[in-house]
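What follows are several structures.
Note that chain A is present in both complexes that follow, paired respectively with chain B and with chain C.
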Partner chain A sequence: MASINYATKEINCKLVYYGPGMCGKTTNLQVIHSKLDANKRAEMVSLATPGERTLYFDFLPISMAEINGFVVKFGLYTVPGQVMYNATRKLVLRGADGVVFVADSQWKLMQENVDSLENLQSNLAEYNVNLNELPYIMQYNKRDLPDIAPTWYMDYLLNNRGVPTYDACAPEGKGVFTTLSALCRFVIRDLVHRFESGSF
Partner chain B sequence: MNTFGIILLLVEIAIYSGIAWMASKKSLPLTLIGVLVGIFFGFLISLLAAMVTGATPSTAFVLSPDGASNIVIIVIATVVTAGVLFGLLSWLAGNNEPAPAVKREAEKQKFNFAPRPAAREAVKPMMIPNRTVVKPGTPSVTNDGVHTPAEGFMPVHPTEGVFGMVAIPAATIIDSIPEAAKYLEGMTTVRVRLALFIPQLKKATAWLTWRQVAMQSEAERATENDRPDVELLNRWVRIPPQVYVSQVPIEYFKVTTTAPVWMKQTPVTQEEQFPLDEGPM
Partner chain C sequence: MEHNDLIIDQDDAALLDQCLSRFIDDTGVRVAMLMGRDGHLVARQGNSKDINLESFCALSVGAFASSEALARMAGEESFNSIFHQGVVCNVYIAMVGDSHLLLVLFDYNASAPLVRLQTRVTSEAMINVLDRAYTRTRAARIPGF
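Up next, the complex of A and B:
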């Protein structure tokens, strides 16, 4: 749930990058951090193991838009993808305004994608939230690798709601900003409608 | 003793012999003893009866049965003696035990805490599995290389009305069950029923038991002369999606999508601040 600070005229939103281990969530944030103007972002905080696996979460605050004189700031978070860190994932997911589900396009990781999406839904359910209410989009990452599944098959497995999907190759920056922009649009749209309807 | 008396005595002896032969389990010595005892016992009863009724209290009366009342006494004595003789000889021959079939049934009905021999043989010592840090429900590969699906996964039932076959590389099967190699010798692929894959399409990985693969495919011919043991038949074969997806008709991948509420909202002007192009915003 976005928070509004009337004193500083800020709206803070939380966007979470979710997905199986090693699918490229942290890489997305690193690319955003490296390519975004310094005046639009703060420093990235990353709690990782020596093997560069996310231990707790990554955090990158960016300020990118304005609604009715309020600056909209997005806090970008990633979750640890390793299956044993479910408690951390659940904690990071709390109060999310939007989710990017980063799926690994490699054939051998299809089941991990399916399991991770199910895990996302069950963790959201614990906060009484479901994916019909929460804006989320799909990023099919690692499209540059040779042994990858076709997107129609990934749609069949992961996208039974027909949400927007974006192909990406995160280390090269392909699809990273398109994905972020698309989610920000949905989150802003949702915010504005809630403002207008008075349900905010 | 007149002729009638002799006939009566012979009939009596025949009756005693028959009863003694059956009651003594066809033992000749016991039968002979039984006949002698019967004649003696019958004589005593007849004599006693004659004395009680007061007809003619003498031995001569019994030995020369004249008149209807005397005949009745002798017949009754014979019947009584026959009954007593049967009981006596049955007891002597150990004939009171239940028949073998009845005995077996009674044995079965006795409750026994010990497991039956077949059940004892089926019990195998259990090994404590190695602890692995995995999410419950995640498929795993154990230390001995055996692939297993998520906990509680049951073998799927083939979808009804689905025909066709899917060619699975023999190497994929051998990867999960190396012991299957001898049954797949000379085969590059094994054709398995498509109906077994349809229920698992959404799971991204198909799990079949070796029994399902072998018994519902062309590999059946290879295994029918040398049936693998039950444990092997129940081992899991992990079939990754790239092996079968291209062979499944496309209509099985069609899903009806239901757009969520937030996607149905009308666009707002504020979102124009986020251009959907490749470069940084």
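Up next, the complex of A and C:
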């Protein structure tokens, strides 16, 4: 649900980082927050448990681009990855303009990736949104760890749609901005397409 | 897939600002904001300095969404407003149609019952503006954008 405000000259979009617990969604946002110029981002809000696991969501507002004099503002959200928090995950997905699925590359967590991806599709379906029609990319995180699955296997397992995938090692910042830029471009392209086709 | 995107033009923005200003004049609240259900700020009036508005909106929308989910679990379709009472400052959040929320921040200068009452009046006025904006948005083609 993007909104364009001619009075403030702003376009607002919502991007959601989705994925299984501990896959690095919050770390992505922390890296973006720490490396982005202060004039391009506001403070990050985290609703976490005392153990620093995401309880509800993390939120980071950023300004990444300008189109025809309009500042494009992206609200970045993460969902809580733990299985028991599905109700809140669903709430965070509401109105998303684009989604990054952050997959954990470790062999032992492949089933969690598959379950989380299925959960994403079923939660979107409750808002009558189909993943095929939403700007959507994948990030294969934790590529620096030992005992990880090769990317061709992760493609086979998780990416039958053939969406763009990005390797990452979030704590070091590798792949974090590549992923973000790709999704921002994708979302803007989708917006422009909807404008031009009159289906906005 | 159905999109619920929204284009607010200059006239819409002026009308929404007018609704919020009148609401502030009638109730004495500190700040009144209209925001989308996905947490983006659409319009605001009043004294909002020292408030991180983007985070404020995101958290308010989260709180409201939680209360709505609780309502459904309790057998209600929705709680159409929530009220957080503090020692000095109070926050009142109410639905404006299905797609937006009115967020009000007020202190002892305003009375909670009056805020609730005027919220209904203001919501109706803003729903009219938003309905027109949605209708126009669905028909919109913006050449050269």
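Here, the second predicted complex is superposed on the first by the 200 of 200 C-alpha atoms of A that agree within 3 Å, B and C clash if a C-alpha of one lies under 4 Å from a C-alpha of the other, contacts with A are read in each partner's own complex, and residues count from 1 in each chain.
Keep this in mind: a contact is a pair of C-beta atoms (placed from the backbone, for glycine too) under 8 Å apart; a residue touches a chain by one contact, two chains touch by 3 or more.
Being a predicted model, the structure only gives us computed values, none of them experimental.
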Superposition on chain A - do chain B and chain C clash or fit: fit
Partner chain in contact with A:192 - chain B first, chain C second, else both or neither: both
Partner chain in contact with A:83 - chain B first, chain C second, else both or neither: first
Touched partner set for A:121, first chain B, second chain C, both or neither: neither
Superposed arrangement, angle subtended at the Cα centre of chain A by chain B and chain C, nearest 10 degrees: 110
Contacts of A:157 with chain B and chain C, given as first, second, both or neither: first
First, second, both or neither for A:3, with chain B first and chain C second: second
Partner chain(s) touched by A:67 [first = chain B, second = chain C, both, neither]: both
Three-chain overlay, closest Cα atoms of chain B and chain C, distance in Å: 9
Where chain A meets both chain C and chain B, residue numbers: 67, 133-134, 192
Touching residues (chain side chain B, partner chain A) in the complex: 133-135, 137-139, 201-205, 240-242, 245, 253, 255, 257-263, 265-268, 270-271, 273-281
Chain A residues within the chain C interface of the complex: 1-8, 12, 14, 42-43, 45, 47, 56-57, 59, 61, 67-68, 73, 75, 77, 87-88, 91-92, 94-96, 128-130, 133-134, 191-192, 194-196, 198-200
For the chain C and chain A complex, residues of the former touching the latter: 1-10, 12-14, 36-43, 52, 54-55, 58-59, 62, 65-66, 69, 99, 137-142, 144-145
Chain A residues touching chain B - in the complex, by the definition given at the top: 32, 35-37, 40, 64-67, 83-84, 86, 107-108, 110-111, 113-115, 119, 131-135, 147, 149, 152-153, 156-157, 159-163, 173-175, 177-178, 180-182, 184-186, 188-190, 192-193
